[in-house]
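I am attaching a structure below and will ask some questions about it afterwards.
Chains: A, B, C, D, E and F, in written order; residue numbering restarts at 1 for each.
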Amino acid sequence: MSDFTHFNQQGRAHMVDISDKQETNRMAIARSSILMNKQVYEAIIGNAIKKGDVLAVAQVAGIMAAKKTPDFIPMCHPLPLTGVNISFQWDTSHDTYELIVDATVKTKGITGVEMEALTAVSAATLTVYDMCKAIDKGMTIGQTFLIEKQGGKSGDYYRKERRNDHGSK
Amino acid sequence: MSDFTHFNQQGRAHMVDISDKQETNRMAIARSSILMNKQVYEAIIGNAIKKGDVLAVAQVAGIMAAKKTPDFIPMCHPLPLTGVNISFQWDTSHDTYELIVDATVKTKGITGVEMEALTAVSAATLTVYDMCKAIDKGMTIGQTFLIEKQGGKSGDYYRKERRNDHGSK
Amino acid sequence: MSDFTHFNQQGRAHMVDISDKQETNRMAIARSSILMNKQVYEAIIGNAIKKGDVLAVAQVAGIMAAKKTPDFIPMCHPLPLTGVNISFQWDTSHDTYELIVDATVKTKGITGVEMEALTAVSAATLTVYDMCKAIDKGMTIGQTFLIEKQGGKSGDYYRKERRNDHGSK
Amino acid sequence: MSDFTHFNQQGRAHMVDISDKQETNRMAIARSSILMNKQVYEAIIGNAIKKGDVLAVAQVAGIMAAKKTPDFIPMCHPLPLTGVNISFQWDTSHDTYELIVDATVKTKGITGVEMEALTAVSAATLTVYDMCKAIDKGMTIGQTFLIEKQGGKSGDYYRKERRNDHGSK
Amino acid sequence: MSDFTHFNQQGRAHMVDISDKQETNRMAIARSSILMNKQVYEAIIGNAIKKGDVLAVAQVAGIMAAKKTPDFIPMCHPLPLTGVNISFQWDTSHDTYELIVDATVKTKGITGVEMEALTAVSAATLTVYDMCKAIDKGMTIGQTFLIEKQGGKSGDYYRKERRNDHGSK
Amino acid sequence: MSDFTHFNQQGRAHMVDISDKQETNRMAIARSSILMNKQVYEAIIGNAIKKGDVLAVAQVAGIMAAKKTPDFIPMCHPLPLTGVNISFQWDTSHDTYELIVDATVKTKGITGVEMEALTAVSAATLTVYDMCKAIDKGMTIGQTFLIEKQGGKSGDYYRKERRNDHGSK
């Protein structure tokens, strides 16, 4: 097996070795949202969507997606999640109808759960889109970002501003 | 088995019956993006991310996620996808660094592939976040929406404006 | 590669070849139930289960499980489901508290959806057990069976009696 | 983002936070069964089922399903299973042909494996149904329940009676 | 959204668009093998492997893997398999103990099932390795290749020689 | 429930109980390869494969497959992988074109990761086959085997010879 032409691995993907990291309690909170028109908003609130109770389904979708994160995000490490909570808030203050979705994910593990929280809120907002798209395909999933992260060697993280913070004016 | 107390099913979820719909060629295009700081941008461009070539991995993630959509979105029908394409564009025009991700999904089936396209772009941007979060946890996934949809009884759909269109000023 | 000792394949498993069957509309209805004590019943009815709205979650579980059937039942053919509906009934007529779960599954395919309907009701009752087991681990999942099946070469099937029919006195 | 209308989360689902529970050795045993007619019984015993050796496939199905439990039961925590065993018994004492399936599941984890054992026996009996349904669609999956559970803060559990215990006369 | 820096897509991955291909009956046969020492061979033949009946489990593994192929091979299209058969042969003619595994996979679809057949034999031989590795970790999975393929526009394919054909002397 | 005919469990499959094993750092390295003709080799090297950058996709496939191993290999225990790395080498020394794929997998767990490493290289080589089969269906996946294993009670393992070692002359 002489004369190998060693392939240049630079830049190729791998799942980073975290064998030496410590197992600690970790949590992360992520947020997404979905903007809709008044008709969709009223159908959700009035439980008049043909496919069923939108928020109940979105919540289950978010929790199940959190568990599937390492199957969804290629370089993400599998982690034994110890808790997932999805919550909803309506913001109707700007003549818009926005459903804000937060996910809190916890683990006792050797790496963080930021991706699980982000995946959970993404699945929840995508599920809202799916269940309401027969009324309006123009709904927009709003910005998706990490709000907070605790535990682990790199320390805690708290997002300074919650939205509209990268020039998306 | 007399004396049933019939549960009120109103509002409960189901996967809508589409048995009578016609099998036609369908396609959908969705878009998402991820906003990052200059340091992350240059690391991606320079292929200096520790986990590997970010866009190559994001692209595979998006394609595989499209195939997993019905496992991710509870009321979504399974469909035999006939094509998935993910493309990237950089927008660095506003002193920001934004990676725009488009997914085109096709099927020959009895319902549309909007959810597959939206799930694909979500997986791709989440993967970019995952691979770069060691540099900056403050990255924001931008708005996610359907650009275009063709085929099916409800007709074609073209989004009028591409972004910033629901008052997210 | 002479002198092969041919292994005796008799009795070994395979996924039966159905390439020559016709694609038709098919449906199946299956039933299961879960028997619980009064305390669990009242907690479900009163929406006082710590893990959440039991029937909403069970319904989503059943629908998602129907889609995963070929991944769960080894020799089962994959099928593009065109509709899944889960419904609940309470039978409190015999000093017992029994939640009856029915699943109706449809496809336009070349084999039937009996297993999808049976898997759906099993997932739904198991989910009820999971969400209520902190109150009582003694709950019993009742008999699970096919009620009806339509479409396909072997003809329609209607179960004569619904329960207690195989001598389980 | 003022003027939020806080959504009422009461009753909505979440995956309970178990971050503070202790990791201990845990086990659970569950039981299900399937009732069949003499023809199916003899075909299984005689290894004359077209799809193959029924019990061998059912056993693999049960073990693989135990590992997939958190993907099947929405609020169920993922756990690293350390052992799964499926065993079969025939009860032909009452002019009936009943295959009894027991699953023993073990983990070293922070919550119990009751759902994994119940899911394993459900998958095994459903697989028997699938492989034999060409002979008789009238087979009935019998009651499914937890027999025993050891480990964890809530203490051990042993079912008093094994079957026919909730008035299913 | 002017001033885009268009990313160079050349060379990036996509799932090829096959929307215009015709649905026809297709089949593929693939082969792999596993070489083992006499001790492992006799343990398999004598059904003395601690984990159970090796070939029965390998067969189920192969069939289930065939169904999961598009989740395993990133650019592979999902297909509704209509039949999967795994067969075993022993070659003990050269003072070696080699288990040869063939998989035949069928579909009525718009692309071929070569990958499904190759994935099936890979899963089967990997399962044999897993179940026997406590005896000998030195087992070698032999060459894996396509034997035959029928159906589709590109025509039929028959491998000329079955093994040892690429200079692996 | 008297008169049981106890089924003879001898030889039936189970997932071996490892509850009493110690959690330690473990690693395994496996190797596979794929032999191709000059045309395929040059297309890969020249990045001229229609489906995209072959090695980038194969690498992601291998990493994701490593995480899915317990879903693929029936009796395999689930393990929290802490690192996966896939590397490529070209051997063009014998008038052949062989791509050698190595996978290194790590865990901190109670059993080894040999199967994860073997599954990773299998998925990677199968992915190469998939992406290049439009050019030549005659590619052959070479021998697949464990190179090295560290950690665990059974001690370390190093393969003596790397290939051609079981008489496959």
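We adopt the following convention: a residue touches a chain if its C-beta (ideal position, glycine included) is under 8 Å from a C-beta of that chain, and two chains touch if they have at least 3 such contacts.
Going by UniProt, the chains are A, B, C, D, E, F = Cyclic pyranopterin monophosphate synthase.
Quantities reported herein were computed from a predicted structural model and do not represent experimental measurements.
Common neighbours of subunit C and subunit D (chains touching each): A, E. The chain with its C-alpha centre at the largest distance from the centre of subunit A is E. When the contact pairs of D-E are matched by residue number against B-C, C-D or A-C, more than half turn up again in A-C. Taking each chain's centre as the mean of its C-alpha atoms, the one that lies farthest from the centre of subunit D is B.
Centroids built from CA atoms put subunit F at 31 Å from subunit B. Residue positions of subunit B touching 2 or more other chains, listed in rising order: 12-16, 52-53, 56-57, 59-61, 64, 68, 71, 74-75, 80, 163. Contacts between chains, counted with the stated touch criterion, involve the pairs A-B, A-C, A-D, A-F, B-C, B-E, B-F, C-D, C-E, D-E, D-F, E-F.
On the subunit F side of its complex with subunit E, the touching residues are 10-16, 32, 35, 47, 50-53, 56-57, 60-61, 64-65, 68, 71-76, 94-96, 114-115, 118-119, 122-123, 125-127, 129-131, 133-134, 137-146, 149, 154, 157, 159-160, 163-169. Within the complex formed with subunit E, the subunit C residues making contact are 1-7, 9, 12-19, 21, 70-71, 74-75, 77-80, 109-110. Listed in rising order, the residues of subunit A touching subunit D in the complex are 25, 55-56, 59-60, 63-64, 66-68, 80-93, 100, 106-108, 162-163. Across the complex, subunit C is touched by residues 52-53, 56-57, 59-61, 64 of subunit A.
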